[in-house]
Each structure stands twice: as structure tokens, then as C-alpha cells.
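Below, chain A partners chain B and then partners chain C, in two separate complexes.
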Partner chain A sequence: MKVLKITKEDLAKGLDTLNKSFRLIGPVKDKDEEFHNFEELGQGELPDFNFRNTRLSPKSIVYPQSEKMFEYTLDSNDPEHDILIEVKKEPSPQVVVGIRPCDAKAFSLVKLNFDTPEYKDPYWLRRFEATTLLGLACHNPCSSCFCASAGSGPFNTESLDMLLVEEQGGYLAQVLTKKGEELAHTAGWTDEAGSDAQKQIDTMKEAAEKRIKSQISTDNLKNKLDMEIYEEPYWEDVSFSCINCGTCTYLCPTCWCFDVQDETCGNCGIRMRNWDSCMYPLFSLHGSGHNPRGEKLHRVRQRFMHKLKYYVDKYDSGIQCVGCGRCVNHCPVNIDIRRVCELMNRSEVCPVTTE
Partner chain B sequence: MHNPYLPYPVRISDIITETEDRNLKTFEYVFINPEDEEKFDYQPGQFAELSIAGKGEIPIGIASSPVEKGFLKFTVNKVGLVSTHLHNMKVGDVMGVRGPLGNWYPWDKMEGKNVVIIGGGFAFTTLRSSIVYMLANREKFKEIHVIYGARTPGMLLYVDELKEWEKRDDIHMHITVDATDDPDWKYNTGFVPTITDQKAPPATTDTYAIVCGPPIMIKFTQPVLDKLKYKHDHIIMSLENRMKCGIGICGHCNIGRHLVCKDGPVFTLDQLNKMPKEY
Partner chain C sequence: MLEYTEKIREISQKLLKDSKVDMVIGFRKGTVPMMNEPTFIRNANEVGQLIWDSNCGINLANYLTGRKEKIGIVAKGCDSRNIVVHLVENKVNRDNLHIIGVPCKGMIDRRKIGVIYGEEILNVVEDGEKIVVEGDGDEKVYDKKDVLQENCAICIHRNPVIYDELVADLVEEQKDVDRYEDVRKIESMPPDEKWAYFEGLLKNCIRCYACRNACPLCYCPTCFVDESRPQWVGKSIDPVDTRTFHFLRAYHCAGRCTDCGACERVCPVGINVRAFTKKLEKDVKELYDWEIGLDPNVRPPLDVYKTQDPEDFIK
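Here is the complex of A and B:
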């Protein structure tokens, strides 16, 4: 693996070059200057790296909140009336600069859902293929970050094409994939770092991981029967304060559920898909009025069971969570996935306590 | 890249009102592009998404049988936005069908075995597909029993076919209604669990029961099958849940780690016993 040395000036110059041939997306400060989010960068505009993580996850860059799937016309004079037509629009090549390793790793977890042996989701896959991820390692994690124990980490390289590691005066850049190589070439980043660069990165990585104080244990999740966890009495307490607002699913980089809706205006219309949330009663409501997850306890349990148990069993992998901490920070009633994970993972049954 | 969300365009070739309350209609479709019919290669027990531009899609069991060529059939209950609109459509109208989707009844396992079909109400659609399939491949199965009930004679689906099957001696038909004052009714009267108790053959390792019906029927039929000593891996059921994509991606229809649309809709009772009751 190649490690490059990029000065701050060269980074700016390179990004400017990239902006000419790619859609360049990076963290920028919100206009109220309270938080950062990923936005498309205009010509000459640079990303603002003075952030810990963005308020919203960057999942919408590959998987928009609302997306057109098909078009149709209801005009009976048109020979193709009432037939759905695929929108033939290739996604334009894009570069996400400054994505955090946890958020990049989330793409690899979500990919298992959209890219299956039987069915390929063309919308997600095409956009993912057209995307190059230029990550930014975390030196100063938030107090709610638990990435290191969630299968990710502040220097994790999964899904990334390049990883920038800030050091005095500039960056060390790990070139991780062919896409990353091409990106560095296009941007004109060619200075190879010294032979001890990788060692330097490893030292910084270790230091960053030590700074993450918050952790979860997931070692018992796989061994337990799903019905054993499902029937635990603590779900009553866990879900008690939930208001089913859906903020957790909206912010989560690994929540992927969607709804499909048709929208007609006059004789023309589109079939589109929109993010959906298992926190809403409508998500599982039958036409008959019966609802298999009619109570909020069912829905809260569903979300945690999906992330921490069903996913683990289905893909024989780690949890469907990268430890970004967004749901912990923004839950209006302070439901904390770390605490729920602890309950689900504990090996012996003890009296229910939620403090 | 193939787009699994794109329906095949079809034209409605026939519409039959099945029941006296007019809430159940059977729609027959022909493919607008003949080559699509070959791609739509299905097994009894599978379902498809019926797609109406401007309204949306609904997952419906396939009522026609793969041994019937040239058309597809679906029997649809009028319930929501899409099904209500569909009930107002006419022969010749264009819409879409996406599928076939999901798994199917375990035909490879049931070959050479006895099959008992237990159905109630409008859940008889994929069971019709199965019966037509078994009768066309009669030598592949041993005894075939069908217990099928509805509230009244006028609520039974596929009445003409039921009568034809009654006349055959290679299939044991036990048609029943909950109650009727029709003097011409010459079949059984009583709820499906009661008739199952009276007519279903005793369990053997060579006998499979396929049970499909409203929750209340399933709830009271299971103890009867237990009494008859049917093993839970020999009781086969078909589930429904709210769905969108039908291909295991959108996340709506999960029961635990399983998705009804892709890992189902067909499960054995043995499998369901180990799953949350989220259906």
C-alpha cells in the first residue's frame, strides 16, 4: 500500500482539480454555524475539516432520501400508457472527501442488503460504484463514539479508497484501492511519504483508539437464541420512553428500509422510493387493519433486534452498527444503543434494572 | 444491470366476480411482450406484485397454475388503494406484474407423498394453483385431500372447479360452509377445524398438510392437526405481511431474521415455532 504526503496547499489544489471532473461532496458548516453536514462543493469551495462528525450521516450520497425509480404516463393516446419506464440516467462520478471511517464502513454493511446473489439493487449499486470515498481519520472522537468496539474504528479503512491522516502541516494519505490511485493521480498528489510513514500512522491510530472511552460488548450475541433475547422482560423498560419519532433511523448510517410510492401530476407521474422507518406503525400495518408490530415495544425491539441480532445471524457477521453515536446523541428521550446492547449481550439473567 | 423493480407490462384479459359480496374478483392477465411469459417461470405457492401506475403495487398469491399456459390469474380482495382501483378496472386495461416472487410449497419433498390441503376463505388462491398442478401431475402424488371452507356457499372461490373436482375419484374433496339455509347445499356444514377433525387422514411420515386461511381458522386447526399427530415439519403454511419490494431489500416484511417475501411466504410450522409471532 502506498502512502503519500500531501500538504494543505496541495490538498486544496488537488480538490480544486477534482471538482472539475467530479461532483465533489464534503463537510461544510451549516448556515447557522451549529453543525456540519455533507454538501456538494461549488467551484473553488473547500471542505471544512474542523468537525468531529456531521449531524446527518452521509448515506444519502449513495442512497438518497427520495429517489425516482420509474416514469409513466396515463395518457391513453400514448402507446406506452400505464407502463412503467426505467429512468435511464447514469449517476455522475462523485468524490466524498472527509468522510469518517465509521460512516464509510457503514456502506459495506449496507451493501450486503442491496447486493445479494439473487437480486441486485441497481440504484444503490450504480451510485456506489460511481462514488470514490476519500476518508479522514479521527484524532478526536466524540464522547459518544464507540466505533472501536463496534467493528469499526477511528482509522478503519473498509469501503474507503483513500484515507487522509492529518499531521503537522498536512496529511499522510493511504492509497487503498485502484479508485484511490486514480483519484490521487487526477488530483496530482504524487509525493510519496518516507518509509516510516506507515509506522507513524499506526502510532497515531493506536493513540486515537485509546481516546475512545465508550465501548460495547457483542461477544455473546451470536450464541444466544433470538427468541431468548426477544422474550426478555427488559424491552418494556427500554421502550417505555420511546416516542417513535424515527430520529434514530433517519440519522443512522446503516438503516436502509424504504417505502415505494407513486406520485402523479396530471397525466404523468413517477414511482419513487423514500426512506422508511420501522419506528412507525404504518411500516408493518396490514390492509386488514391487523398490525404485527402494533405496539411501540414491538417496534423498538425490532430496531435493536435487527441491528444487534438478526443481522449478526443472517450474515454471520458483526453487528449492523458502526458506533457513530448519532442515535445516542440525538434521541430526544435518551435511549442509548450501548445500554441496550449491554442488556442483550449479558450472559446471565439478572433482575431488570434500567437505573 | 437487470432492474428487479420493473414490472412486466400485462393486459387484463378477463375479470370474474367470485363471491356474492362482490369483494373478490379474479383477474386474468396476458403478457404484452410474449417473451416475458417465458421469464415468468413460477411454482405453485409463489406470489407476484400487481402494479398499477399511479397507485402502487400489491403482493398477491398466484392463483393460476404453471401447467396452465398463456395467462396468469390472481384473485384479489378489495381492501386498500390499489385493490380498490383494480376492482374498478376493465378487460383490456394495461398494468404490470412483477415476479414470480418468494418460495413455494415443497413440491420436491411432497413427491410420492399424501397431500392434505386445508384452506379457508379467500386464502384458497395458491391452493387452487397447487390442486391444478397436482391433478396435472397426478402420478407424482399419493392420496390428495382438500378441505376448503367459506362462510356461505356464495363466498366460495372457483365454485365451478370445486364441483368438477368433487366428481373426480382421484381427489377427496371436503367442501364446507360455516352455515347455510340453502336447501340445495349438498356438501358439508361446519367450520374448517371441525371438518378437518372428521375428514383429514391420520398423520403418517408420508403425509403433508398445507394450511392456508384466516388467523382464526389457523388458530383452531392447529390443535386438530396436533390431535391427529401431524408433525410440525409436515405442516406447511403460507404467510402474509406488509411488503414493498418483494425481493428482500426494503425491510418491511421481516419476521425475525427471515423476510416473508424472499425466505417465505411458505414456512413449516416447525420453522414458525422458532420465530417471533410478527405476522
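Here is the complex of A and C:
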């Protein structure tokens, strides 16, 4: 793997060049100065790397909150009336600059859902393929980050095409894929770093990993039976405070559920998909009026079971969580997935009776 | 705050031990700085989980809606006013409640402290009227009055208006408070500026409904935005639909909102949600001299009809 050396000036210059042929998206501080989010960068606009985690995850760059899929007309004089016509949209090539390794890793978890041998989601896949991920390693993870025990890490390279590692005066850049190579070439980043660069990166990686204080244990999740966890009495306690808002699911980089809606105005209409949330009662409401997840306990349990148990079983993989900590920090009532995971993972030992 | 906590535990333990209530609803210590979690305690041995400090901003009246058990509930001023609203609107039965009143000196604004501290906050300690913030930067000490939630800074009902017992002596209410300075500022804007203001306010909205769901007033079995037969409001993040949701929700709260600030506190993207409800609160105050949630025996002006109503249009 090639490691490049990029000065801060070269980064700015390279991004300027890239901005001519790519849609550039990077972390930008919101104008009320409370948080960063990923926004499209205008010509000459630079990403602001002075951030920990963006408030919203960058999943919407590949998977927008609302997305038009089809158009139709109800005008019976129109030869194409009542026919759903796919919205032809070739996504323009885009680069996400400064994406954190956890958020990039999230794309690989979500891909398992949108890209299966049986079904391929053209909207997600086309956009993902048109996207190059230029990551930014995390030197100072937040106190609520638990990426290292959630299958990711502050220097994790999964899904990334390049990884920038900040060092004095500039960056060391790992070129990880062919897309990454092309990106570096187009940007004019060609200076190879010295032979000890990889070693330098490894040292910084180790130091960053040591700074992660928050951990979860997931080792027992796979071996436990669904029903064993499902029927645990703690769900009442876990779900009590939940207000069933969509904060956790909408901020989460790995939540992928959507709802399909038709919207008609006059004779014209569109079919679109919008993010949906398993926290909403409407999510599982049947046409009959019956709701299999009619209580908030059912909905809260579903979210954690999906992320920490069903996903693990279905894909024979780790959990559907990268440990970014967004839900931990922004749940309005402080429901903490780390605490729930500990409950779900704990091994039951039959109490010894002394009688 | 330690005395409050101890007293809450003591009262709760007694209530549960004597089987006066089936559960006590209060707060337990949160897992991140400046956050506590609403919780319920059924077992007298577990009252040690209950705590009180300046991070109990969630309105607990929201957890009473539709419950049938006998409940002990920890209630600061605004919570108690929303309990009154619940009583007036028949959402809860007074006989089933044991209200543990908490005279309140305001909740601290997690967002504001985050912004002024500027670095990651690792721990926040309360020391009387001082708030000590420890984190990645230097330790900083703030006066609590400077970092209060906005609604708390202008609160004129800090003491519970209805309670069965109190955890401490009543506190002095704030006098000569100008509650509507911000509303007047918006009122005085020319239309285009006003429009831009509200547009800017909602630009980050992700339609997560945290504001609605944290609000004790929002208990409709099916909210108008969730109604699907027919569907009134689109579900995308089209600005028209987002505005429709916020404006209509605010109108549904007209003359009912206690300005508890829960909507604003819970918003994950920092929207100043109270900007919608406060104008209506001001109108109701000016038109009817009405403040909600003070007396369970008086119906609010917008849901009564009086034959001597001076307005012509109603006759």
C-alpha cells in the first residue's frame, strides 16, 4: 500500500482541483456554531477538520432522507398515463472529504442490506459506486466513542479509498483502493512518504486506540437464543423513558429503513422513498389496523434486537453498529446502547439457592 | 441538590413501602454529562437510583399519559403545571397521583454550556449556584444563572402549583420578568425578514418528532402528521411539510403550553422550537389574561363557550 505525504497547502490545492470534476462534500460548521455536518463544498471552500463527529451521519450522501424514484401522470390524455416511469438519474461522481473511519465502515454494514445476491438496490448502489471516501483518522476520539469494540476503530480503513492521518504540518495519506489512486492522481498528490511512514501511522493508530475509554462486550450475543433475550424482563426498564422519536435512527449511520410514498399534485405525481424509523408506531401498522409492535416496549426492543442480535445472526457478522456514539449523546432521554448491549450480552448464571 | 435527592428517596421509599403507590416516576443518573434519564421505581429497595440535579429538564408529566396505576411523581414547577393540564383534559386521575413537589431553580442548558466551553465535556459538577465543567480544556466555573435553559431563565412558576408533599421549602419566584422580549423582536420584523427567520429556524429539521414526543400536550392517539387515511401532510423533508408540522403543532398547543422547554431541550439539531409556541402563549395572555396549568378547576379559554363572550363573531 502506498503512503503519500500531503502538506496542508497541497490538500487545499488538490481539493480545489477535485472540485472541478467532483461534487465535494465535507464537514462544515453550522452557522449557529453548535455542530458540524457534511455539506457540499463550493469552489474554493475548504472542509473544516476541527470536529469530532458530525451531528448527522454522512449516510444521507449515499442514501438521502427523501429520494424520488418514479414519476407518473394521471392525465388520461397522456399516452404514458398511469405508468410509473423511473427517474433517470446518473449520480455525479462525488468525494466525501474527511469522513471518519466509523462512518465509512457503516457503509459496509449497510451494503449487506442494499447489495445482496438476490436484490440490488439501484439507488443506493449507483450512488455508492459514484462516491469516493477520503477518510480522516481520529486522533482524539470522544469519550462516548466505542468504535474499537464495535468492529471499527479510529484508524479503521474498511470502505475507505484513502485515509488522511494528520501529522505536523500536513498529512500522511494511505491510498487504499484503485479509486483512491485515481483520486490522488487527479488531485496531484504524488509525493511518496518515507519508508517509515507506515510505522509512524501504526504508532499513531495505537495511541488513538488507547484513548478510547468506552467499550462494549458482544461476545455472547451470537450464542444466545433470540427468545432468551426477547423475553428478558429488563425491556420494561430499558424502554420506559423512550419517547419514540426518530433521533437514534435518523442520526445512526447504519439505520437503513425506509418507507415508500406517492405524492400527487394535480395530475402529476412522484413515488419516493423516505427514511423511516422503527421507533414510530406507523412503521409497523398493518392495513387492517393491527399493530404487531403496538407498544413502545416492542419498538425499543426491536431496534436493539435488530442491531445487536438479528443482524449478527442473519449476516453471521458483528453488530449493526460502528460505535460512533451519536445515539448515546443525542438520545433526548439518555437511552444508552452501551448499557443495553451489556444487558443483552451478559451471561446468565443460575443463582445458587441456599435453602 | 443532595438534600433534594435524599428527600425524594425518603418520600419514595415510604410511599412504596406503605403501598400508597405502585410506582414512583423520577430521574436516574445519566450516562453522559448533563443528562439524566426518566425512570420508574417499583421496589422500595431501589429508590437509591433516584436523583435530583439541574439536568432533570425532561417533563415527567409526559410519562403519566394514560397510565392507570397509582403513581408517585417527582414534579418541578413546569411538570406540575402539565399535571394540571392533564387533570383538566382528563388524561390522568388526581386520586391516582401522589405528587412529590420539587421547588426548582432552573435547569442548565447542555447545548449552551457545550458551546461556551468549546471542548469535549467529560464531567459537570454542581456546587450550589456554580456549575463546574471539566473536560478536554481547562476546568471552567460558570454561574448557574448564566447557563440556564432559556425557558428557565424567564420562568415565573418555579414552585410546583399542585403537590402532596414537598422535598424542600418553596423557593422565591422570579419577579419582573419580561417573558416576551424575543417574541416582540420577531413581531416587529417586516414580513420578508420574519419569513426568513422561520425558514432559517427549520432548515435543519429532520422530522424526528422528538419535540412532539417529549411534549406532554402531544398525546393524540394519532398525530395529524401520522394520519394516513387521508394523509394530511407529506412525509419527506420538503420545507412545506416540515413547516406545516411545526406550525400546526404549535397551534394545537395554543393556550395549553406551559413553556416547560422540553421540545427545545430534546431537539437533536438545536432548533429553537419554543419560538413557535411562545407567540401563541403571549397572545393567549394578552387576549384572555390566561396562564395555563395553575388551577385544575378552571377550563382554558380556548375550550369554553360563554354566552357573555364580548366577541361578535361567536354569537
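A few notes on this one:
One rule holds in what follows: the second predicted complex is superposed on the first by the 348 of 355 C-alpha atoms of A that agree within 3 Å, B and C clash if a C-alpha of one lies under 4 Å from a C-alpha of the other, contacts with A are read in each partner's own complex, and residues count from 1 in each chain.
Everything below uses one rule, namely that a residue touches a chain if its C-beta (ideal position, glycine included) is under 8 Å from a C-beta of that chain, and two chains touch if they have at least 3 such contacts.
A quick note: this is a predicted structure, and the numbers were derived from the prediction, not measured.
In the superposition on chain A, contact is made by A:Leu74 with chain B only, not with chain C. Contact with both chain B and chain C is seen for A:Asp259 once the two complexes are overlaid on the shared chain. By the touch criterion defined above, A:Asp121 reaches chain B but does not reach chain C. By the touch criterion defined above, A:Tyr234 reaches neither chain B nor chain C. In the superposition on chain A, A:Tyr280 makes contact with chain C only, not with chain B. After overlaying the two complexes on the shared chain, residue contacts for A:Phe49 are found with neither chain B nor chain C. Of the two partner chains placed by the overlay, only chain C lies in contact with A:Cys142; chain B stays clear of it.
Counting contacts as defined above, chain A residues 259, 261 meet chain B in one complex and chain C in the other. Every residue of chain B that touches chain A in the complex is listed here, in rising order: 1-7, 9, 32, 51-57, 79-80, 83, 93-96, 215, 240-242, 244-245, 247-252, 254-257, 262, 274-279.
Those residues of chain C whose C-beta lies close enough to touch chain A in the complex are 30-32, 35-40, 58, 62-63, 111, 114-115, 120, 122, 136, 204, 206-210, 212-214, 226, 228, 234-238, 265-266, 268-270. Chain A meets chain B in the complex at residues 69-70, 72, 74, 81-84, 86, 113-114, 116, 118-122, 125-126, 226-227, 230, 256-262, 264, 269, 271, 273, 276, 278, 283-288, 290, 292-293, 298, 302, 305-306, 309-311, 313-314.
By the touch criterion stated above, chain A contacts chain C in their complex at residues 30, 32-35, 37, 52, 55-56, 65-66, 140, 142-144, 237, 240-241, 243-247, 250-251, 259, 261, 263, 272, 274, 277, 280-282, 328-330, 332-336, 338-339.
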